[in-house]
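Both complexes shown next keep chain A, but they swap its partner, so chain B is in the first and chain C is in the second.
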Partner chain A sequence: MQNLAMHIANGIIDGPVAAAFGAVALFGLAICLARGRGDLDDRLAPLAGLVAAFIFAVQMLNFPIFTAAVSGHLLGGTLAAILVGPWVGALCVSVVLIVQALVFADGGVTALGLNITNMALIGTAAGYLMVVLLLRVLPRTNTGLAVTAFVAALVGVLAASMGFVAEFALGGAVDLGNSISILAGTMAGTHLFIGIGEGLITAVTVLAVARTRPDLVYALRKLPAKTPAKLVVPAGGVT
Partner chain B sequence: MGAGHAHGLYLDRDTAVHRLAPEVKIVALVVFTVAVVITRREVFWAFGAYAVLVIGAAALARVPLRWLLTRSLIELPFVVLALALPFLGQGERVTWLGLSLSVEGLYGGWNILAKGTLGVLASLLLAATTTTRDLVLGLDRLHCPQVLTQIATFMLRYLEVLGDEARRMRIARISRGDDPRFLWQLKGFAAGVGALFLRAFERGERVYLAMLSRGYSGRMPEAWRTDGAATASQWVAAVGVAVVGGAIATAAFVIR
Partner chain C sequence: MKRCDVNRCHVKKKTGWFIVGGLLVALLLAGFVSNFASADPDGLDSAALEGCTVDDGGNITGGTCIAQGGKDHELLDSPLADYGLRGIDNAFLSTGLSGVLGVLLTFGIGGGIFWLARRGKHAAPSADENADVAENVEPSVHAESR
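Up next is the complex of A and B:
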């Protein structure tokens, strides 16, 4: 099946707004770089690359919603944030977006700032904030972790899609007037389904990693140690 | 893996465009796209001139137009948006074939279609003429932060490995009679995703340790960085594209 572009292309949002969000993205990335450098130790470096490759690969596998006619793919921000932390996670998603814009023509080069702001910054931040919140509230079990990942990924996707709506309202190629609410509704509707799929995949992936290699899950490592984690860990993981 | 570092969109040729240093091509692409995007949408001839520029570069790189056009189908969702805008737009309306269309929407649709298509074609040209290894090298030479190029290097290196692994797992799943088509059958797919991640990470961890023990310091080998860097004449070529693109954009502002 032909891959379809999911990212904002050139010319959708007008020049000044695209440039403004380019500045926002650069600023956000600079913060992520400064904070992420501390996180990026020997083990996290290849993990970050793999998370990026994984997001890239899974984005190529479109998963069908209802029928093959409407399909969506992962955004990956929340998954990356849970596994490698919000700073490096945002960098991973940005790298995916940059490479997709340059060599896969998915997302315009001049819209990179917009795409990075939506998916790498807003999506990852919203997702990770939900993770931090829910991990404190929910029981520390596998189910709790799965619910956390699911909800956080869903929220992340919706937040990212609303980022696009805001950008289109600010500098869309066309002034839609009242129709902007139609656009918002359509975006929210389709991204609800994408978000559910994203949530399921994020939950299953995080759970699979947490079961066998809990040391790789950033969100769990950063938790304040209350009681010994109740996650069931099979003895002697692969090292 | 010997032929490794290419990707699905790379067209292996030996032309002047392929030999051009990657950083030059990246800069040319960015300048060209910016020029296209800032051009006023009412200036139709400018977009024709941009198209000639892209087609000329494609001919120079011996990239068939058919190849470019089929690959550019990727922007189909935005074409749908562009076609919907004349119906959604506000303001003055014209009647065409019995349809009431918004003038603003028609311009908006054209804007998305023209600028989107030119951008996609330019990116595809870069993809067709540059291997992923060269791309990362180009970004590194353009002083992209090392953390980003490091992530990009790993990402691109494992992309194919992951893709092949995913393909094998999919074939294995289908050959066992599973055929997930609907939302409630997503579990099989999701479980496969979890397994794919762990398999890939453990492979990556082994490779990374092997790289470290062979002296990997987080950067590209010194020889790669200096060998084949852009020469002055190559920069002139890139600046040429930039100047032509910029001239068209400026002329479009002045002449209208």
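Up next is the complex of A and C:
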């Protein structure tokens, strides 16, 4: 465990662009808080705290991706969105990123807006949209739920990694002298494998929760099944 | 049995145990398993180092890469900087303790914010219909908890 910096550091993206994404992040979090309050009740609040703590823990577990001397770690947006909903889920990831930046010196404080935009907002949004889509077409079985979690998490990671590429294109501090598409290719290549790891962790975790407490899985609770029989969803959602 | 109705208490208790169990898993992962994590740079870091040569200590020795723009973190003096607890020489213990503290801190801050931001006992009634059925099987309880 030497250098464990995992997120965008200070100075990688120039000041004005970093500040602009700080504003984007603040705006996004304000929306998430406003919408998330509708979901937060006496039961979801401590559960969301647990989801944040769990994401913090698993983000420490860098796994090798085997194709190169490169590791990956959970981002957690899709996992959080499935368990506590997209709005509160994005807030969970943000809490993790803020604690990491302010206490663990991981991810620059001036880069917090960039990191929140990528992992909490873009990653969670892309992942949850995939969840909504896939739960509509896949059967409501353990397999269906696992496939949904896996694919959605993978897509979420790829989307988040492209967030960095866009930010670097807008305000990269170092002139690489080549086109941004090379960076995009590198990021997509590694994050495809990281996404597989993210997908596996997300699927295993969601299944574990769905088997013990299906009523605690937001996506099963709130998203209607293919058949409009509403009351069947929580009772027979996971078999 | 005292201030809330029986079934509500029952549900809370069960969810309480779920939270405790989940926290124990998180503490185990951050406090112990974290020591077996890969030390290779992650996807972002490795892309940032692409084009540069790096020595064993992780210092850039030449070339052109994204990471060269990087500046020091504002809070390198934090007692938990870089996922270690300052003053603990044993690396295994240092990483593990920083992970345990991080999990508790994240749960405390996150849980605290979410608890303060919550709407009350029940979220939006219309959207909560399914949740009620899920936690209380008996229909009479369902009616009661409204």
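Throughout what follows, the second predicted complex is superposed on the first by the 215 of 239 C-alpha atoms of A that agree within 3 Å, B and C clash if a C-alpha of one lies under 4 Å from a C-alpha of the other, contacts with A are read in each partner's own complex, and residues count from 1 in each chain.
The criterion applied here is as follows: a residue touches a chain if its C-beta (ideal position, glycine included) is under 8 Å from a C-beta of that chain, and two chains touch if they have at least 3 such contacts.
The shown structure was predicted, so the numbers you read here are calculated from the model rather than taken from an experiment.
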{"item": "Combined model on chain A: chain C and chain B, fit or clash", "value": "clash"}
{"item": "Contacts of A:Arg221 with chain B and chain C, given as first, second, both or neither", "value": "second"}
{"item": "Contacts of A:Val99 with chain B and chain C, given as first, second, both or neither", "value": "both"}
{"item": "Touching partner for A:Pro46 - first (chain B), second (chain C), both, neither", "value": "both"}
{"item": "Chain B versus chain C as contact partner of A:Phe54, first or second or both or neither", "value": "both"}
{"item": "Which superposed partner A:Leu200 touches (first chain B, second chain C, both, neither)", "value": "first"}
{"item": "Chain B versus chain C as contact partner of A:Leu170, first or second or both or neither", "value": "neither"}
{"item": "Contacts of A:Gly15 with chain B and chain C, given as first, second, both or neither", "value": "first"}
{"item": "Chain B versus chain C as contact partner of A:Thr212, first or second or both or neither", "value": "both"}
{"item": "Chain B versus chain C as contact partner of A:Ile31, first or second or both or neither", "value": "neither"}
{"item": "Footprint overlap on chain A, where chain B in one structure and chain C in the other make contact", "value": "2-6, 9-12, 33, 36-37, 40, 42-43, 45-50, 52-54, 56-58, 60-61, 63-65, 68, 88, 91-92, 95-96, 99, 101-106, 108-110, 172-174, 176-177, 212-213, 216"}
{"item": "Chain A partner contacts - residues on chain B that touch it in the complex", "value": "7, 9, 26, 29-30, 33-34, 36-38, 71-78, 81, 85, 88-91, 102, 104-105, 107-109, 111-112, 114-116, 118-124, 126-127, 130, 132, 135, 145, 147-148, 150-159, 162-163, 166, 181-183, 186-187, 189-191, 193-198, 200-202, 204-205, 207-208, 212, 218"}
{"item": "For the chain A and chain B complex, residues of the former touching the latter", "value": "2-6, 9-12, 15, 18, 33, 36-37, 40, 42-43, 45-50, 52-54, 56-58, 60-61, 63-68, 88, 91-92, 94-96, 98-99, 101-106, 108-110, 172-177, 179, 182, 193, 196-197, 200-201, 203-205, 207-209, 212-213, 216, 238"}
{"item": "Chain C contact footprint on chain A (complex, rising order)", "value": "1-13, 33, 36-58, 60-65, 68-73, 88, 91-92, 95-96, 99-106, 108-110, 161, 164, 168, 172-174, 176-177, 183, 186-187, 190-191, 194, 212-216, 221-222, 230-231, 233-235"}
{"item": "Residues of chain C defined as touching chain A within the complex", "value": "11-12, 14-16, 18-19, 22-23, 25-27, 29-30, 33-35, 37-48, 50-51, 58, 64-76, 78, 80-84, 91, 95, 98-99, 102-115, 117-124, 127-131, 133-135"}
